[in-house]
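There are two complexes below, and they share subunit A, which is joined by subunit B in the first and by subunit C in the second.
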Partner chain A sequence: MSLLEVTNLHATVGAQDQQKAILKGLNISVNLGEVHAIMGPNGSGKSTLANVLSGRPGYTVTDGSMTLADEDLAELEPHERAQLGLFLAFQYPVEIPGVSNMEFLKASVDSLARARGQEQPNTAAFIKQVRLLAASVDLDPQFLKRGVNEGFSGGEKKRNEIMQLLLLEPKLAILDETDSGLDIDALQVVAEGVNRYKNENNGVVLITHYQRLLDYIVPDFVHVLADGKIVQSGDKSLALELEDKGYAWLT
Partner chain B sequence: MADLSLPQVVTIPNYFSQGLLALPAELADSNDAPSLLTAALNSTLHRERWKYSKTAPVLEGLNNAMNLPTIVGGEQPGIQINHEPQQNLGFGFDLSQAPEAFARLCYAQQVLFIHVENALEAPLEIHHSDSTVPVLLSLGANADAILLETFTGNLQPQNTLWISLAEGSHLKHSRNSLDEAKLHWQYLAVDIGKNADYLLNNHAAGAGLRRQDIQIRISGQGANAELISASMISGKMALDQQVTLEHLVANGKSKQVVHNIVADGGKCTFNGRIHIYEGANGTDATLSNKNLGLGKNATINTKPELEIYTDDVTCAHGATIGQLSDQELFYLTSRGISPQAAQALLSEGFLRQCTQGPLAEAALPILINAIKQEQVA
Partner chain C sequence: MSQTSVDDLVEARSEYSAGFVTDIESDTLAPGLDEDTVRFISARKDEPQWLTDWRLKAFAHWKTMPEPKWAHVHYPPIKFQDISYYSAPKSQADGPQSLDEVDPELLRTYEKLGIPLHEQAVLAGVVNANVPPVPSMGSNVAVDVVFDSVSIATTFKEKLAEAGVIFCPISEAVHSHPELIQKYLGSVIPQKDNFYAALNSAVFSDGSFVYIPKGVRCPMELSTYFRINERNTGQFERTLIIADAGSHVSYLEGCTAPMRDENQLHAAVVELIALEDAEIKYSTVQNWYPGDENGKGGIYNFVTKRGLCGGARSKISWTQVETGSAITWKYPSVVLRGDDSVGEFYSVALTNNYQQADTGTKMIHMGKNTKSTIVSKGISAGFSENCYRGLVRISPTAENARNFTQCDSLLIGGQCGAHTFPYIENKNNSAIIEHEASTSKVSDDQLFACQQRGIDSEKAVGMIVNGFCKEVFRELPMEFAVEAGKLLEVSLEGAVG
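Entry: the complex of A and B
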């Protein structure tokens, strides 16, 4: 069953009078249970795709459509997209001093539960669950008391993103270069977290520069994004070919 | 600009002539206190410091009736409370910096002298209800105390507090000024002796106008001062914070972090001056004032100032005026949190960074509630 359907997507970035076209007719279809990797040269629009799908301010959809579980994403605010089941693991997770991680996670879980008409979790059980999840991605539970990502190293920030992924259990996870800046141990922890998350009832879009991540998270499809469009799709062997030959032969 | 004047002729209290308190240097060689005070009130320096608050209503209130504050913890061993000074406790009065505060001390029929001789077991609490008599708190050498100061009142209260810290003493001072007064003036002067420590955790919510003068002097080598302050100024209210931190001697350390939220229609002024005197080598002084404006018509004035007359110092100061960060808002909303709830979380987080100490728990709900009220409005 189709989870994410992106058709002929055109999007621009920037203020109204100086918009720059980045996505120029992008198509991608992600079914439940699938992992899609999106690779491509710098400036091809990979992060823009993640930002447009999640509704980051500053981007404008000028043509085409994007739906998640048959709902039109373009009509929804970022928090409504999250409530629908979309999750973006940030390339650069934001530091928020003064708001503790635990408080933030509780606000998030409560908002999602409320939006879905579910019961909000009991606080004690919630804290226990979060501590276990933090430990499972090698994040010291002490970090939960600190400000959101405050003073975290690059690797700790990325592990915090994966912890949130496991906690929130979205329908679709978009990972925007979650592997960048990670050492090999952290990369394995992140990959293990994503593998633990994925199942027959969700989908994953992995945006990455490096084939290395795909050794740990095996994609069903690999797409090459260049100049705002998917120019080549294939299975995991495409990633190896790219590692070998670069992007020049496609663009 | 009309000349400023005091409401009543000043008579210098007897304990000054008995040598128990040191007269301001200017008065030591003169017996014409009234004209010296008038000159100080109308000096450029003083005018500048009162530029954002109306001075006249405060001056008119200087000789209004004063009541005794409620003192809790004053019975414990190590504390003496008197209405006359019993010994010279090292208080300093600066006429040019605060002529109005000195005048108020002179007008007071009664003054409270609190002396702490050693380490206290329990906190000392001072609760002000409306205008209270001047309080002079001194800590003897190596004494150690926690001071909790709160305020209630709604008209035009004035509270004046002088603190003198002798060598090696430690004072942790927490102050909550959360009641809505029409015009509240709080004057605080702290003199920190050699190797002594002073910490002020200051929390304020809006009043018609709340004016906080804070004058801290590092007058002994190796002394340490810290000011951590959080305020929430609701619509149509105003806060004016005038902080002076003087490093008179070498190897002192000071840190100031002041976070203020100003709602639509509110007004906030922060003037933080660090003065490092000649010879105050090895001083380490930092000052950060951050302001968050909510809504379109918040007024925020901030002026961090450094005056440095020596070379060997470490100094940093900065001030920001901004709105909530779009990046932070997007991060929170991308996790399903509504924009309104995200704004509340971020505003609370901004204040929480500077809400610390024993009175934080009492202050936070009131400050946060004021943020929520603004959102509803």
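Entry: the complex of A and C
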């Protein structure tokens, strides 16, 4: 069953009078249970795709369509897209001083539950669950009391994103270069988390520069994004080929 | 003032005193301010000669004073002769008859603050609304309910009397405890202190009086207007709190519910006196009408608040959450005269739309080993201007004085302003003075990070702002802290997105 449908997507970035076209007719279709890797050279539009799908301000969709579970994403506010089940693991997770991680997570889970007409979790049980998940991605539970990402190292921030992925169990997870800047141990923790998350009822879009991550998370499809379009698609072997030859032969 | 002579008015009052519902309309004073106005107010309250003279002296001085211009606020000149200086209870007949007739916008706000229906009716001024004898907060708060410049009910009076605590309208204390009033009124804030304090001294309407006897710990939190209608309590409130040696009191002032008020100028005076080993904790939540989103209307809140740590080891702590008023001009201060005395100031001041706030504190160290702490959190949104202005003065006599100041500003959006004006005057080399300041902004990235986890932007800003204010909220009485958090969220509505 189709989860994410992106058709002929055109998008620009920047203020009204100085918009720059980044996505120029992008197509991608993700079904339930699938992992798609999107690779491509710098500036090809990989992060823009993640931002446009999740609704980050500053981007404008100029043509085409994008749906998640048959809902038109372009019509929705960013928090409504999240409530629909779209999750973005940030390339650069932001710090929010004064708001503790635990408080942030509870607000998130409560908002999602409310929007979906579900009951909000019991606080004590919730705290216990979060502590266990934190331990499972090698995050010291002490971090939960600190401000969101406040004083976290790069690796800790990324593990925090994966912990949130496991907690929120979204329908679609988009990972925007979650592997960048990670040492091999952290990379394995992240990959293990994603593998634990994925199942037949969700989908994963992995945006990455390097083949390395795909040694741990095996994609069903690999796409090459160049100049705002998918120029080549294939299976895992395409990633290996890219590792060998670079992107030049495709663009 | 009208042609009616003072004597006539005094006579009118004796009729009035028989019951509160006599000819109310005739009790309202025409706009204007002269000596007769002052005499009228004093006569109206049946005050002793010394107090009438005290008011007149203040008035004579006020006439010679220029309006202060140093604050970082801008407003058209106030026409003091166009103000009515005694607001009597208004006829309720033209008020809304039920909640259905009340502005739905106002009701929506009450709902957001979680105010029960019957209290909403009272707050919105519904005719014949049921005033609950005890506010829904529980039985730990004594409420001196004040309506329209005249106190009409006091709860918990007996329990307080048992402990020997005096808690009554100041107009009543003038008669029941003249020796205390005469001794302490104006002892911390003299009539000539500043322009608005002088005006208040001349025409003050009413307010609260508290006396805690030696060694007594006040058995409950005292609150003047907790949630109950503050409409027309008078533009010129006067509060006097005296904590005798070794006593302790916590006093709550204000209300989280938004108040509609026709009076544009409010100039209150609050004096606190803590004797040896006594402690006063004074908490304020101020949410007067801030004007509309275009900056039209709103209250001018020009308040003088000061406490005197008169005795050794005494302590005075001010905590304030200021979200209302078009203009706020307010510096709750502590004079640390007793050795080893402690002064504290914890403040959250939030401005949105076109609000202006110039607020802070003064810590005047005179005694040895005196300590002061200042934590100020300013939040600016919309087109507002938010200033912290603080003075730390160490006198030559203040050996080993210690001050710590932390002053943080948070900006939301790109059109508002945050300003800091710290003054430090040190005349003693043994002093240790610390000042920390920071300015930060709620970034688009932070908001988006919250939204991406399903939290809408309004809630996200509320969460970030509450986090920013944590250190101050911690100082508020528990039930107030929760309300204060909600209040900030409501006050910031429309600040983003």
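Observations on the model:
We adopt the following convention: the second predicted complex is superposed on the first by the 251 of 251 C-alpha atoms of A that agree within 3 Å, B and C clash if a C-alpha of one lies under 4 Å from a C-alpha of the other, contacts with A are read in each partner's own complex, and residues count from 1 in each chain.
Quick note on the criterion: a contact is a pair of C-beta atoms (placed from the backbone, for glycine too) under 8 Å apart; a residue touches a chain by one contact, two chains touch by 3 or more.
Since this is a predicted model, take the numbers as computed values, not measurements.
When the two complexes are overlaid on subunit A, subunit B and subunit C occupy overlapping space and clash. In the overlay built on the shared chain, the residue A:Leu168 is in contact with subunit B and with subunit C. When the two complexes are overlaid on their common chain A, residue A:Pro57 makes contact with subunit B and with subunit C alike. In the superposed model, A:Leu76 makes contact with neither subunit B nor subunit C. Touch criterion not met for A:Ala21: it reaches neither subunit B nor subunit C.
Subunit A residues 54-57, 77-79, 82-83, 87-88, 90, 93-94, 96-99, 103-104, 107-108, 111-112, 115, 147-148, 164, 168 lie at the interface with subunit B in one structure and with subunit C in the other. On the side of subunit B, the complex with subunit A involves touching residues 325-328, 330-339, 341-342, 345-346, 348-353. Put simply, subunit C touches subunit A in their complex at residues 440, 443-446, 448-457, 459, 463-464, 466-468, 470. Subunit A meets subunit C in the complex at residues 54-58, 77-79, 82-83, 87-88, 90, 93-94, 96-100, 103-104, 107-108, 111-112, 115, 147-148, 164, 168.
Subunit A contributes residues 54-57, 77-79, 81-83, 87-88, 90, 93-94, 96-99, 103-104, 107-108, 111-112, 115, 147-148, 164, 168 to its touches with subunit B in the complex.
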